[in-house]
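In the two assemblies presented below, chain A is common to both, partnered first by chain B and then by chain C.
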Partner chain A sequence: MTDQPEPLRLDFHLLDRQIVDVDGRMVGNVDDVELDVDRGGTPRVVALLVGQAVLGRRIGGLVGRWLEASARRLSPDPDPAPIRIPYDLVMSVGSEIELRVKASALGEPPLETWLRKHFVDRIPGADHAGE
Partner chain B sequence: MKKLFAVTLGILTAIGGFVDIGDIVANSQTGARFGMRLAWVVVLGVGGICVYAEMCGRVAAVAHRGVFDLVRERLGPRIALVNLLGSYAVTMLTLTAEIGGVALAVELATSVNYLLWVPIAAFVIWVVLWRVKFSTLERVFGLAGLALVIFVIAVFRLHPQWSVLGHEATSFGPSDGEEWATYGFFAVALFAAAMTPYEVFFFSSGGVEERWTRKDLTLSRANVFVGFPLGGLLSLAIMACASLVYLPVGAEVDTLGQAALPTAIAAGKLGLALVILGFFAATFGAALETGLSAGYTVAQYFGWQWGKYVPPRRAARFHTVIIVSILIGVAVLLTTVDPIQVTEYSLVFSAVVLPLTYLPILVVANDREYLGDQANSKVTNVLGLAYLVVILVVAVAAVPLMIVTGVGG
Partner chain C sequence: MRASELLGRTVYAPDGTAIGVISDLLCAAGEDGLPRVRSAIVAPRHHTRLLGYDRPGIQGPWLIEKLAGWLQRGVREIPWPEVRLDP
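Up next, the complex of A and B:
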């Protein structure tokens, strides 16, 4: 079971909130949610979506389209899928949304991977936290 | 005993870290033109940063969130994006001014043109941001910034007529021969210098970096309510020094050297050495803070991993934003634009974006779901709202005053 406020409000408790993994590492913000409606007609959150393209779609307009397009440019995939986090993996919804799993199990945003591989890792000391 | 040490160290760091290039320029220029007539704005501004930084400290300690995280949550992704563009641009401008300030301080010590120092200063700033632990970088430059206490000593050694300073400080309005618009413009600059948006981005994110919990609330409050006002006192001392030396002869302050000169007059070589060290530490420290803040705002808007508590490769996007920001700052400075002018513009545009930064803080600090029993009290809310009104007035007035006075004339 997820430890969450009742009633859970999409706009207030979920959308745009920081998601952290089981070690406290930042996964992303909730850029959108995936909903499903059960037989009784009650909507239910199925998954949290994280990704610049999804965010762009939500923002809409010129700026939103630009965000979406730039996300596509930055990804090797022509239609980049967002990181989809099944709601079962959410441990609690508070000032942060805490997951039960490690961030590495969810896949990494392409921009982070690309920048690490081609830029940050080539600078000496990239794997040291400050000392 | 250990706690007392931590609190003292925190306060000293807050004092030394309070002053940056904006405070140095705004206070020197105002002192030279208006004496202490605008001292009340510094007091007002320091009060404002205290009220709001305390809220940020609570949010960081209790909910473990940085300011920009909350901006998007409370304003929605669309308005927050506009906010991000504004805040980033202003932080960028401030970062540029601080790097220029570091280079100018080194020029004062070496007589080698500051433009040659700009790339070197920027590189060293980046290395520190890349390698050095958060608490170390905050502490070292905060403590070294205490060298600016020389301004307080200088005020005494210049043997002022205290009654004149007091009379100026208590009289409202411009001196003879100065316009109300100019008076208003410098009031805006001073207020913006005290409440520059990056300060709360840095303060709140720094609290998260240092893993504050409820136990650290005392430390946070001591930093804010003791450290910041004493830092403000340094600002007032800079103003007083400029007024004592420049006001009688009707000179204006256009360079960092002129801002430093009163301490040399009052305390000779030692005074000059200390003031250069102080300027260097203050601008270098602020360059680190603004560089980090540029990264914090962007990363927090998008939800990226940020912070110095993880190795750079774990926060690749965050560190890339910092590097790119520093490079933009260097590029701007190498156009040979005057860093002091960049500072003046950074203050005006800081004033414009103030409401975008401070309104969401007030909203979130009232949220019981986040803060529980640590949500704002009535007194804090009255103060917060009163300051928000002042902030709105300043934001609206900033650009018109800049145009009317030609950036202070």
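Up next, the complex of A and C:
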């Protein structure tokens, strides 16, 4: 069960709030929230979404389109999927959102993938950096 | 569906007149532990963040509190089953 305020305010308590993993390592910010509508028509929170394209779509307008376009440019995938964090993995909601898992279990953000591919991997010796 | 598709949406009265826009969604934990939307905070003007001063028991510096009160005048909570998103 998630330790969360009662009532939980979707905009105030979740959107744009910082997410940290079980070790306190920064994961990102909540850029949008995925909702599922039950048979009675009531939406429920099922996942937190993190990603530049998600934020761009939420903001909209010129800035939003630019954010979405730059996210596509940085991702090898033409339609980059956001990092999706099932709400079951949220341990607590407070001044930051704490997860029950390590950040490494959630996948790599597109910006890090792009930087690794275009810069880090090209540095001489990068292929045996762990030695 | 995403939260951003609901936040900022216009809410209508049964007679089809616009009441305001959804400024926030209040949720309560369901049996499965996932938060379910129980009501919408509807502001009469454009979608704006309410600075948290609409929460009961929250007090702040007098000037900020008055300013927040002025910004969020006319804000009301509507139970989710009564929220109409189409005129």
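Following the convention adopted for this analysis, the second predicted complex is superposed on the first by the 113 of 131 C-alpha atoms of A that agree within 3 Å, B and C clash if a C-alpha of one lies under 4 Å from a C-alpha of the other, contacts with A are read in each partner's own complex, and residues count from 1 in each chain.
Everything below uses one rule, namely that a contact is a pair of C-beta atoms (placed from the backbone, for glycine too) under 8 Å apart; a residue touches a chain by one contact, two chains touch by 3 or more.
Because the structure is predicted, anything quoted here is derived from the model rather than measured.
Peer 1: Taking the superposition on A as described, I'd like to know which of chain B and chain C A:Asp36 touches: first, second, both or neither.
Peer 2: The second partner, chain C, only.
Peer 1: On the A-aligned overlay, A:Arg58 touches which partner chain: chain B = first, chain C = second, or both, or neither?
Peer 2: both
Peer 1: One more residue to check, A:Glu96. First (chain B), second (chain C), both or neither?
Peer 2: So A:Glu96 only meets chain B here.
Peer 1: So in the superposed three-chain picture, is A:Ala126 touching just chain B, just chain C, both, or none of them (first/second/both/neither)?
Peer 2: A:Ala126 contacts chain B only, not chain C.
Peer 1: Thinking of the overlay built on chain A, is A:Arg116 touched by chain B (first), by chain C (second), by both, or by neither?
Peer 2: A:Arg116 sits against chain B, while chain C stays out of touch.
Peer 1: One more residue to check, A:Glu6. First (chain B), second (chain C), both or neither?
Peer 2: Second partner only, chain C.
Peer 1: Return first, second, both or neither, reflecting whether A:Val46 touches chain B, chain C, both chains, or no partner chain.
Peer 2: So A:Val46 only meets chain C here.
Peer 1: First (chain B), second (chain C), both or neither: which does A:Arg84 touch?
Peer 2: In the superposition, A:Arg84 touches no partner, neither chain B nor chain C.
Peer 1: Can you list the residues of chain A that touch chain B in one structure and chain C in the other?
Peer 2: Touching chain B in the first complex and chain C in the second, residues 58 of chain A appear in both lists.
Peer 1: For the complex, give me every residue of chain C touching chain A.
Peer 2: Touching chain A: residues 1-4, 6-7, 23-30, 33-38, 41, 49-50, 52, 55, 80-81 of chain C.
Peer 1: Which bits of chain A are touching chain C when the two form their complex?
Peer 2: 1-2, 4, 6-12, 14-15, 32-38, 41-46, 49, 54, 57-58, 87-88
Peer 1: Please output the residues of chain A touching chain B within their complex, sorted ascending.
Peer 2: 5, 16-19, 25-31, 50, 52, 55, 58-59, 63, 95-96, 109, 111-112, 115-116, 119-121, 123, 125-131
Peer 1: Quick one: in the complex, what on chain B touches chain A?
Peer 2: 62-65, 69, 72-73, 76-78, 80-81, 130-134, 136-137, 302-306, 308-314, 316-317, 319-320, 369-370
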